[in-house]
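You will see two complexes here that share subunit A, one where it goes with subunit B and one where it goes with subunit C.
Our next item is the complex of A and B:
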C-alpha cells in the first residue's frame, strides 16, 4: 500500500556543530517532557522558567550551587570514562569514592605529615585508596577472568559497611556521639572561593579533565587504549602492552573516584558522613555515556547533570514537589539525551521511490 | 585505629566547651525581621510513618494554631551543600524561621545560622546551637521507662525483646530506660536487644522480630517505625510497644502502648517566643520531656492491671515533679562496671555519652 520507506544511514562524519545541536535539541525535548510532568504535578507554569533555568544556571547563587555539585560529578564521569574506554564495567564507583573519603579522613584523624602539607596528603591518599579498592576486581579480572561487574558492584557494599563500621566505632565524633567523624581542622579543608559553597576543588576537577583529554586523545597511551578497547586480539597481536595499559587506566578510574570522595569531604562536608556520594555510580556512568567517553565532553555533561540535580532541589523547596516526581523528571531528561545519540549517529530519511514498484 | 591522644584531646575540648557554654554571657533575645514565615525541611518524605511524620503532625498544629505561612521541602539530603542551598532559597524568598529535622543537618544549619543572623533556626535531634539556632530533642527514655513498667507487668514470662537501629546514645537511652521500667514490675525479666543497623528496613525488622518470637519472647518493643514487627508480634499473640507515633493500628489486638512525640508542645511556644522577640536559644539545646508534654505514652489497655496503672501514674507524676529520673543510681552496665553510684542521677552530658547497655538487657553486642 505504502510505497514510502524509512531508511537509516550511518553518518560517515559527525561535525562538532551537529553534535552540539543534536544534544541541545535532546536536552530541550527532555526538559519539555519534564515540564509537562511538572505541570501535571501542579507546579505553576508562570514561574517555572525563572525558577528552573534562570535560578539554576544564570543566578549567581544557583550557578555556584550547580558548579559545587558538578565537582564530584566531573571526576566520577572521568572515572567511568577511563574504565569504559577499555570496556571495563566499573559499577563500583561509589565504593571507590567512599574509600577515597575514608583515606582522606584517615590522614586527617591521625594528623599525618606536616600541617601545611596535610590537605595535599589527604587528596593524594584519597586517590590511592580509590585505586587500591579497584585493584581487587582488576587483579581478579586479569588473573582469573572474574567478571568485574559483579566484583566492583559488591565491593561497593563492602566499602559502605567499612564506612559504617568506622563511623559507629573508632571514628565516631566524641563531641556528640553521632555516627560522623570529628570535624576537620581549617588546614584540612579546601579553600572556599566566596561564591556560594564553591571551593577550590573546581580547579582540580578542571585540571584533571584537561590532563585526561591529553592522555586519551594526544598521547601514545591514548592510542593503545583505543586499539585495546576496539579490538583486543589485534592489540595483543601487534605487541601493544595490553595488561600494562589496562592496569594503568583501571587504577586511574579508581583513583579518580577516590579523589571525588576526597574533594567532597575536604570541600563541602568537612568531615566523613554516611550520606556522601550516594548514587554517584549511576551519575558517573550516565555522564560517560552521554559524553561518549570523551573527557572534554564530560565537563559540560557533568555541569548540565549537576544543573538538573540542582533544579530538583529547587523544585522541592519552591513547590514541595515530591522526590519521586523529581527523579522521574531527571530520568526523562537523561533518557532523552541518551536516545538522541541515535539521531546523531544515523541519518533518517523518507524514501519515495520514483519508479513504481511492480505489483 | 583509635588514636587515644587525639580522642582525649577532643574530649577535653568538648568538656571545656560545655563549661564555657554553661555560663554564656547573656545576649539580648533574638529579634525577627518581618512577619514570621516558616519552612520545614525533611531529609526524606514527610509522611514516613515515624520520625518525620511526628514532626509533620506538629507542623500542621503550628500552621493551624499560629496561622503563619508554612512551607515544606522533602527529601533534602543530609549533605551540607544540599541543605545550605535549600536554606539559601528559602531565605531569598523571605522565610525567616527554618525548622530542620535531623542530626545530619547539624553542620549545614550551623553554617547557615552564621550566614543569616536575622533568621531563626531550630533543628530536631541536632547537635549545634548559637545565638539564632537551637537544636532540640526529647527525653524519650522517660516514656520508654513508663512503657517498660507496663510491658514487664503483662509479660507472661521473663523474656522481652527490643529492636533498635544503631548503637548511638539517643537509642541506647531508650533501651536502658525500657529495661529500667521492666525491672520495676518484673525484676527477673531480661530485655533481648537487636540492632538492625538501619533506621528503616521492614524485611530485616520482620526477621529480627520472628527470631525473638521463636525464643518465646512475650513482648516486642520496637524503637523503629516499620509495621512488620507489630504484625509479626500480633500473629504470635505477643504484645508490642511502638515509638514515635501511635502504632495501635498496626496491631489492633496486642498493641500495648506507644512512646509518642508531641513536638507541637515544643514548636508552638518556641515559635511564639521567636515572633514575640523573647526567644533566647538554649546553648546546650532544648531537651524537654514528659514534664513539658513533648513525650508521653498512649493510653494503656485493660490487660494492664489497675495497680500497675497506678504505679505508672505515680512514677509519671514523680518525673513531672522532678523527684525521679529513670536513671537514678546505681546504674550498672552489662559488663558489671558501675556507671553511676547510688544516690546520684545521670547528667545530660552523661546521657549524651551513653555508649553502654545496662544490666537487665541481653545482647546488643557492638
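Our next item is the complex of A and C:
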C-alpha cells in the first residue's frame, strides 16, 4: 500500500525543554518569515542583520533605546496578562494608558502636593487613572453582564478624544501653541540613567514584574486566578471569592496600563503628546500571548518586541519601510508562536499503514 | 438463535495513544439482526473500539469487514455511508435547531434527505416503526433528556443506519423508560438492524441482548458468548477479572440507624429555570443526621435546579432552606460551605473540579479558601503533602499530586472529589448522580463512601436518576416529578412503587 498517513497524538506530558525549544523555534521561524517580508518591501539584505540585530541589541545606543522602549511594553504586557488570566478581554489598554498619562500630567500642571513628592504622586495618579478607566467596563460586566470587549475598545477612542480635547485646549503648550502639554519641571521627570534615553522607570518595571510573578505563582490570589480562569462555575461552587478576585486583577490591569502611560511621559517625553499610546493594546496582547500569560516571560518578550520596534524605526528612517511592515512582522511572529503551540501539545508522526492485508 | 451470519467483523485491532496501548488485538463480531452487548469497566477500551468503527479514530493495525468485504473507514462520514451509526452518551444535537433541522444538518446534502418535508416524513416514519412518539418541530434544547435520546436515535436511523451503536442508552432513564427503550431496541433488531449495546447494567444485558462481548484492559476476554448461557455473576466476574468477587450493592443488614435532628429542612421552595419557567414548585424535604434520603426521578424534572439552589448558585423565588437549623438561602456558596454543606454535582468536571490544574490543587480547592495553606502565600509543599496523604488514604489509582486532573479516569476523579468534600466539617452531603458513567467497582466505592458519611452522622441527600442506586442506598425515598415532590416511600420500597410515583404525576 502506498498511502502514508499523518497521525496526531496528544502528548501526555510536556517537558520544559520541549516547551522552550518549540517556542524558540517558533520565534525563529516567525522572524525568518518577517525577514522575507522586509526583503520584499525593499530592505537591503546586506545590512539587515546589522540593522536588525547588532544595532538593536549589541550596540550601546541601540540597546539603550531598546530597553527604553521596553519599559512601557513590559507594563502593558503585564496589564494584558493580569486580565487574560481571568479570561477578561481588556482590549482598551491604550485608553487606560492615555488616562495614566493624562493623570500624571494633571498632577504636574496643577503642581499637586509638595515638590519633592511630585514625581511619586504623578506615577500613583497615573495608575489610579488607568484603574478608574477600566472600572467602567468592569462594573458593567459584573453588574449587568455587558461584554467587556466592546466597552474597553470603545473607551480607548473616548480617551483619545479626551486627550485631544485637552491638548488642543486647556493644556496647549503656551510657548509655541503646539498641541502638546507644557514641559514638566525637573522634579517631575524620572532620573536618566546616563545610558541613552534610559530612565529609572526600568527599575519600576522590573520590580513590578517580580511582584506580579509572585502574586500569580505563589499567592493565594494567584491560586484563585487559576481556578476562576479555567473553570468559573467550579470557583463559584467551591466558595472562591470570584467577584473580589476579578475586581482586584482587572483594576490592577488598568493600573498597570495607566502606569505605563505615566512612565512614558515622566521618563521619555517629559510632556503629554499625541502619539505615545498608539498600538499599545495590540502590543500588550501580543506580549501576553507569546509569554503564555507568565509574568516572568513577559520581560524577555517585551524586550524582543521593543527590539523589533527599534529596528522598525531604523528601517523607516533609512530605507523608507512603513510602520505597517513592522506591525505585520509582529503579527507574523505572533501567529507562528500560536501555531507552534500545536506541535508542543501534539505529536505528529508519519505512519506507514501496518494493517495486515488478508492474503 | 435466529440471527444471520456475521455482518460486521473487527479483527486484531490495535490502538495506542502516545505510549499507552488501549486496544491490544481486539476482535468483535456482529451478526445480522442481533443485539450484541459490549461490556467492560471504564477504560476497558469499549469507547475507543467504537470510535474506530465510526471513524473518529483510526486503528494502528487490524481489519474491519462488512459482509465479508474489507472496509476502510477513514472518517465518520465513511461509516455513515456504510450504515453504521452511533448514539453517544452526550448527544450530537444542536439545541437551537429542531429535530428536522438537526437531521438535515447531519445528512449534509444526502440526496434522499434534501428537503425539510422529506426529512420530517422520514423522521416520523422511523419513529412510528420503532414505537417512539416525537415532535420533529420542537427545538431540541426544549426536550427532556429522554426525549433527546429518542430524537437522536431516530436521527441516526433516519440517516440510514443498519448498525446502531448505543452508548449507555439507559443511563439517564427511569426504570420504566429504560424498559420501553430496551423494548424498542429489540424491535429494531427484529426489523433487521444490528445493535451494539454498551451498558454497565448487567440486568439489561441478560434480559435484552443475544450475545455478549466483554473487554478488559484493552483486550477481549470473552467474544460473542450466547447471553442465554450466562448469569449476572458470570458476566460480572469476567468483566472484573477472576480475582474480584462480585460487588454487592445490597444494603448491609442493620443499616436502619436511629436518626438525629434535621440537618436539612427545605420548605415550600420555589425556583425558576434559566428561561423563567418554574423548575421547582412547593418542594419540601427534610434530611436528618445519619440518614440518606434518596430523591428519585427522571432527569430534567427540577433536580439540577434543586441542587443549584441548595448550593447557592441559583436563587430561590420563595420558600426556605435551613441547614442545621440556620437559614441558608441568603448565604453565598462559601458561607453555606461553612455551615457544613458539601456537594458532589452531577457534572464534576464542570462544576467541582478544574481539569487543567493538578490534583493537589483540586484536592486543596476548598481548604485554600478556608486558609489552611496560608492567607497570603500558599504553602505548596504542605498542599502536596496533604494530597499525597489523601491519595493514599482513598486509594486513588494513578494519581500524583502534580498530575493533571483532566487525565484521571471518571472513577478516580470522583474519588478525588469525594476525598475533598467528605471532610471533618461536613454536616450535609448533597450528591447528584454520583456514579453516573462509573464502572461497577468505582460505583461501589462511591456508594461505600456515601454510607460511611451517613454512618458518621452526616445528612445525605442523594439525587439520582438510577432507581437501583436509590434503592441500594436510601433510608427514605422521595420522588420528584415536574418540579414537585410526588411522594415519599420507605427505603425498602420496591422498584415498581417508585416507578409508579415517578411517572404518576404529570
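Assume the second predicted complex is superposed on the first by the 342 of 359 C-alpha atoms of A that agree within 3 Å, B and C clash if a C-alpha of one lies under 4 Å from a C-alpha of the other, contacts with A are read in each partner's own complex, and residues count from 1 in each chain.
Keep this in mind: contacts are C-beta pairs under 8 Å (C-beta built on N, C-alpha and C of every residue); 3 or more make two chains touch, one makes a residue touch a chain.
Values in this document were obtained by computation on a predicted structure and should not be read as measured data.
Looking at the shared chain after the overlay, A:347 reaches subunit C, while subunit B stays out of its contact range. In the superposition on chain A, contact is made by A:10 with subunit C only, not with subunit B.
In the superposition on chain A, no contact is made by A:85 with either subunit B or subunit C. By the touch criterion stated above, A:218 is placed in contact with subunit C alone, subunit B being left untouched. Residue by residue along subunit A, subunit B and subunit C are tallied for touches, and B comes out ahead.
Once the two complexes are laid over each other on the shared chain, residue contacts for A:230 go to subunit C alone; subunit B is not touched.
In the superposition on chain A, A:239 makes contact with subunit C only, not with subunit B. Those residues of subunit A that touch subunit C in the shared complex are 5, 7, 9-12, 218-220, 222-224, 226-227, 230-231, 233-234, 236-241, 347, 351, 354-356, 358. Residue ranges on subunit C touching subunit A, taken from their complex, read 12, 17-20, 58-63, 70, 311, 313, 332-337, 343, 345, 350-357, 361, 365-366, 368-369, 373-378, 380, 407. By the touch rule above, subunit A contacts subunit B in their complex via residues 61, 65, 68-69, 109-111, 164, 166, 168-171, 174-179, 182-183, 196-197, 268-271, 273, 275-276, 278, 310, 313-314, 316-318, 320, 322-323, 326. Considering their complex, residues 1-3, 6-7, 10-11, 13-14, 17, 39, 44-45, 71-82, 84-86, 88-90, 92-93, 103-104, 106-107, 127, 166-169, 197, 352-355, 366 of subunit B touch subunit A.
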